[in-house]
Amino acid sequence: MNIGILTSGGDCPGLNAVIRGAVRKGVRSEHMTFSGIRDGWRGLLEDDIAPLTTHDVRGISGRGGTILGTSRTHPYSQGGPEQMKRVIAARGIDAIIAIGGEGTLAGAARLVRDDGLPVVGVPKTIDNDLDNTDYTFGFDTAAEIATEAIDRLRTTAESHHRCMVVEVMGRNVGWIALHSGMAGGAHAILIPEFPVDYEQIYAWVRSAHDRGRAPLVVVSEGFMPAGADEQVADKGRDRDGRIRLGGIGNHLAPMIEDATGIETRSTLLGHLQRGGQPTAYDRVLATRLGMAAVDLAANGSWGQMASLSGTDIVSVSMESAVDKLKLVPQQRWDEVQVLLG
Amino acid sequence: MNIGILTSGGDCPGLNAVIRGAVRKGVRSEHMTFSGIRDGWRGLLEDDIAPLTTHDVRGISGRGGTILGTSRTHPYSQGGPEQMKRVIAARGIDAIIAIGGEGTLAGAARLVRDDGLPVVGVPKTIDNDLDNTDYTFGFDTAAEIATEAIDRLRTTAESHHRCMVVEVMGRNVGWIALHSGMAGGAHAILIPEFPVDYEQIYAWVRSAHDRGRAPLVVVSEGFMPAGADEQVADKGRDRDGRIRLGGIGNHLAPMIEDATGIETRSTLLGHLQRGGQPTAYDRVLATRLGMAAVDLAANGSWGQMASLSGTDIVSVSMESAVDKLKLVPQQRWDEVQVLLG
Amino acid sequence: MNIGILTSGGDCPGLNAVIRGAVRKGVRSEHMTFSGIRDGWRGLLEDDIAPLTTHDVRGISGRGGTILGTSRTHPYSQGGPEQMKRVIAARGIDAIIAIGGEGTLAGAARLVRDDGLPVVGVPKTIDNDLDNTDYTFGFDTAAEIATEAIDRLRTTAESHHRCMVVEVMGRNVGWIALHSGMAGGAHAILIPEFPVDYEQIYAWVRSAHDRGRAPLVVVSEGFMPAGADEQVADKGRDRDGRIRLGGIGNHLAPMIEDATGIETRSTLLGHLQRGGQPTAYDRVLATRLGMAAVDLAANGSWGQMASLSGTDIVSVSMESAVDKLKLVPQQRWDEVQVLLG
Amino acid sequence: MNIGILTSGGDCPGLNAVIRGAVRKGVRSEHMTFSGIRDGWRGLLEDDIAPLTTHDVRGISGRGGTILGTSRTHPYSQGGPEQMKRVIAARGIDAIIAIGGEGTLAGAARLVRDDGLPVVGVPKTIDNDLDNTDYTFGFDTAAEIATEAIDRLRTTAESHHRCMVVEVMGRNVGWIALHSGMAGGAHAILIPEFPVDYEQIYAWVRSAHDRGRAPLVVVSEGFMPAGADEQVADKGRDRDGRIRLGGIGNHLAPMIEDATGIETRSTLLGHLQRGGQPTAYDRVLATRLGMAAVDLAANGSWGQMASLSGTDIVSVSMESAVDKLKLVPQQRWDEVQVLLG
């Protein structure tokens, strides 16, 4: 059995561990061979594919990025499934492991359902916004990097008696902000799921300041204050829908300074959160998912993906993972309230 | 309501985050007051107790160790429960949150069951050996530190074409070795639950070496090779039952060198694994457990402890957590086989 | 002898190690007592001063920030030297150790020269722009943090075949960019001392891209391309003269993308570079400088500061350190050329 | 001009940065070609040599170890200089850059002086024991790793009210112990150059304990207490003359515990200190040394090596670097005294 592997969408710490886990498992216990598809769907559409051996994957589980490259090419562009079928047939590829986030998995599910392509999935996102999986690899690393940054910024804030605003990633969900904010001891955590208004933010900042602390505000890139001007909300989104340059953190900092009289600085962590070595947690999770994906392929479980449930790796349908965003639930938001302010 | 908190047994990254989470939650939403009990059961038996305020716990969630101190004093020594009752009554303490591992929780469960003391628990162990909880805080940090060490040792091993043996903690279970070995790309992972023999170890080392790799062996301190001389097994345990000095890593290294002819070095990570800043994962888990323990106390759920189940914090009985060790299961052992050798 | 200590200007990893080194040395070998002056010159002008004991400084050498707080209050504001003299006399302070950068040391030198105040100095700046000292503490930490960030960004850049622009601190000099760029393997290093034009930048980016690399551009915040529009140069400086928001990195990224056709992203490291734990190098240097400053005070060497020369700590005049900026010299610029492109 | 490069002796963070710096410089500005000699002198004696291109060295400056491999093969074994001359002639090698420590540089100096081989050097040692150079790359990384370890061990020691002994590398000199001990806030620093007796060690430990601290002892592997039994001194040296297993830290810990009554634990950092990613400081220094070595080769400066003097890279004779060990001088020992106890 020959398995094609591709990584698609934004890169994510742990991708290489998935690839290694799959290749090691497939070669050693299933006598499979592997084909590395370059840059996600682009490589499949353009037949940019090369053999992938155990030698190619040695020592890579701790390396950031993806040795296969990635892109945002859409699977239904450039000839789409018909073109893919030609490439797959010519290459003798029997199954495809697609490692990606919401868009990739939705595309893969459709390729299976509508076009009968033999695809299984591995969920990937630093944002942790995929449903039907407890966590996705990449999230732990992103939360760890954000926490380390918050630790650093705290000392400079305290020395200068400043308020510090830290903008973290997360797209439309607040998981990275919630976890790094809890871990870093933030006085305000601002997430898209629960859009508090400006006055609440100022109140948290003032409360921390009144107790002699340097107020620390962690804000998810997708957060928008309740009652914010629409102009604020629309300004400066980049091609991924993320707020560019200005950013919500840079929007909030001067407003906090004006409202509270406390000198305020903003830091936008940006791409730091998705690069570099994955944590041990993410390496283990990614390796296990890669190995499980090979089982799915061996069993012909097209349309299924490997998923974390508690401490187990289970099989769920890709469609169930992308059906809706996994939001921070009310209970987690209630839980964190006593830590704020 | 006045809550006494104590930390008992070996220290563990995240203890301070539990303490902070409990105090913040209790003071802010339950109008509780807190008493810090010094050095575990010792402080309770000797009335070494001081008020613990939100001021005392500010900024501590990222700090290693425990601000309350810890000891291995047994709860049934020095007057035991009767003495504790006198201290509790004199101090006006209404409930005790005991943060500890197997021994602490077993003692706490008995204090509730046999002596009617108002105790709730928070599970703590870097070894991840407690049952009825998915993970315990401290484990993620220990596995991360071990993985970083393995990453470092790999480069020196490769430069010298050596085999490197790394001994990690874990007491009688292999979780730290399993996770850090998977994350670090080990060629042999040796854990107490599955005692392979010397020949299997040599075979893994030779296999990696034959492929041009520097063989990397991760061994859990509690591992003993199948067929090992009893003298080896008994030698040099310290007061905690851990192998001292010599250690299993130092035992294996010369044997591997002699059997395979490959120069072999051993490193014993030791206390590095339990000190220093907790990872973001552990800080979040520990904070949530501390907050949940306050709910248990508020509800009078004596004998219960806060526990991780999937992504939820739930309540389970302390007895269920210590009833038996949580071993690495057969399925996880089978899963990792394709990565070895 | 009673010594007042103050930290002034932007905070810097290592400040606490200076304070600890001075107090330990003064108390133990010179029988001095110490007074902690809050928030730089502000505390001296407003008599915000408290005793500083060896107990206060224990365990702080590895902590970021400054336990004394800092501010940008000017020494010749609020009553200036006459007011200081009153405070010093009332407090019984015999000497002041002023820890600060260019502005602080220039102010301190003038207080000695014009007003006869008993001040000695310790040079501090992450920018490494002080003359007559080989390095200043804080610089090594800043360069290390920037390098770690570049390492992270490289993997994401490579996975996406992108160009990555990283803006680092440094004010009007390029030391942080030079060192982190060399350490991180940058393909373009842009520093204020050597303002190359846009075409040169594009050429370096194209050259790296043509060899299959993800082009990595490290730019110092004070860099301005030769031939840049004056509007670009003036836009968006903050109160410290640093480029705010937009920043030079954010200016360059779209221009590079447009000129080369290579997708380009920008990251502004910002305050991350000056917070958190100092490196071992900075802790040792800072500790030694703190101890040497006590010797200067004991000897009445007013107007002198402790300085690093090779591996020795020597005494130089504060005026000599601030007389001119320490620029990256031509020879260091020539040296790095073969690494670019 | 064709340049052979070799790395010899114990591995050291920064070796790859030297190799990259040399190759980039030589290829780009001197039109040289390079030959990678495997495993130090072994590769030269056995003609185990391959072309080394700029492609081979891309992205390696941050990687630990050495891509060329290393060994302890002596240059005067296996046919020695005559054999080397045959290999060099056959390969068309015009110069050799030997990167190594005391033994390697002494051998290289002799090959130049006695046998007329065209060799220049780059000094390398984590121990910082080479004379006539301010620092050697690898030392900063080793001191940083040791300091991070000490930071971790401190928290566990404080929680348990224990004394912690940390044994660091350094061979016959105390530089790593001195710097990591200063940076980590050690209460006792024990180095070979100044062999204090057991009573002094106990006094430092008691003094720290009496002030409520967890005593922290940093001991260099080459330290031996004044008045120590000769049996202690001789026991358990490994092939490199380093104390194996037992180690001086493991020797001291029970003695401290017995003498002071304070529970004491020992940690031996071992090979962790020489592996993994080099610090930014070491990468910059190593890169500059590699580039300077190419200049030496281009100029035919046989017998010379690149060396750090202040902030400059200069040329000194290899013989001057190995003539005597660079010991920790009396003045640095006096300086650190106020920090101990």
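Things to note:
Residue numbering begins at 1 within each chain, and the chains themselves are lettered A, B, C and D in the order written.
FYI, contacts are C-beta pairs under 8 Å (C-beta built on N, C-alpha and C of every residue); 3 or more make two chains touch, one makes a residue touch a chain.
In this text the structure is predicted, and so the values were computed from the model without any measurement.
Shared contact partners of chain C and chain D: not a single chain qualifies.
With chains reduced to the mean position of their C-alpha atoms, the one farthest from chain B is C. Averaging Cα coordinates per chain places chain A and chain D 41 Å apart.
Chain A and chain C have CA centres that are 35 Å apart. Chain A and chain B have Cα centroids separated by 29 Å. The set of chain C residues that touch two or more partner chains comprises 151, 154.
Arrangement of the chains shown, judged by which pairs touch: one closed cycle in which each chain has exactly two touching partners. In this structure, the chains touch in the following pairs: A-B, A-C, B-D, C-D.
Those residues of chain A whose C-beta lies close enough to touch chain B in the complex are 20-21, 24-25, 28-29, 58-59, 61-62, 134-135, 140, 143-144, 146-147, 151, 154, 179-180, 182-185, 211, 213, 277, 279-281, 283-284, 287-288, 291, 309-311, 335, 337-339.
Chain A meets chain C in the complex at residues 7, 10-11, 15, 39, 63-66, 69-71, 145, 148-149, 151-161, 164, 245-246, 250, 265, 267-268, 270-272, 274-276.
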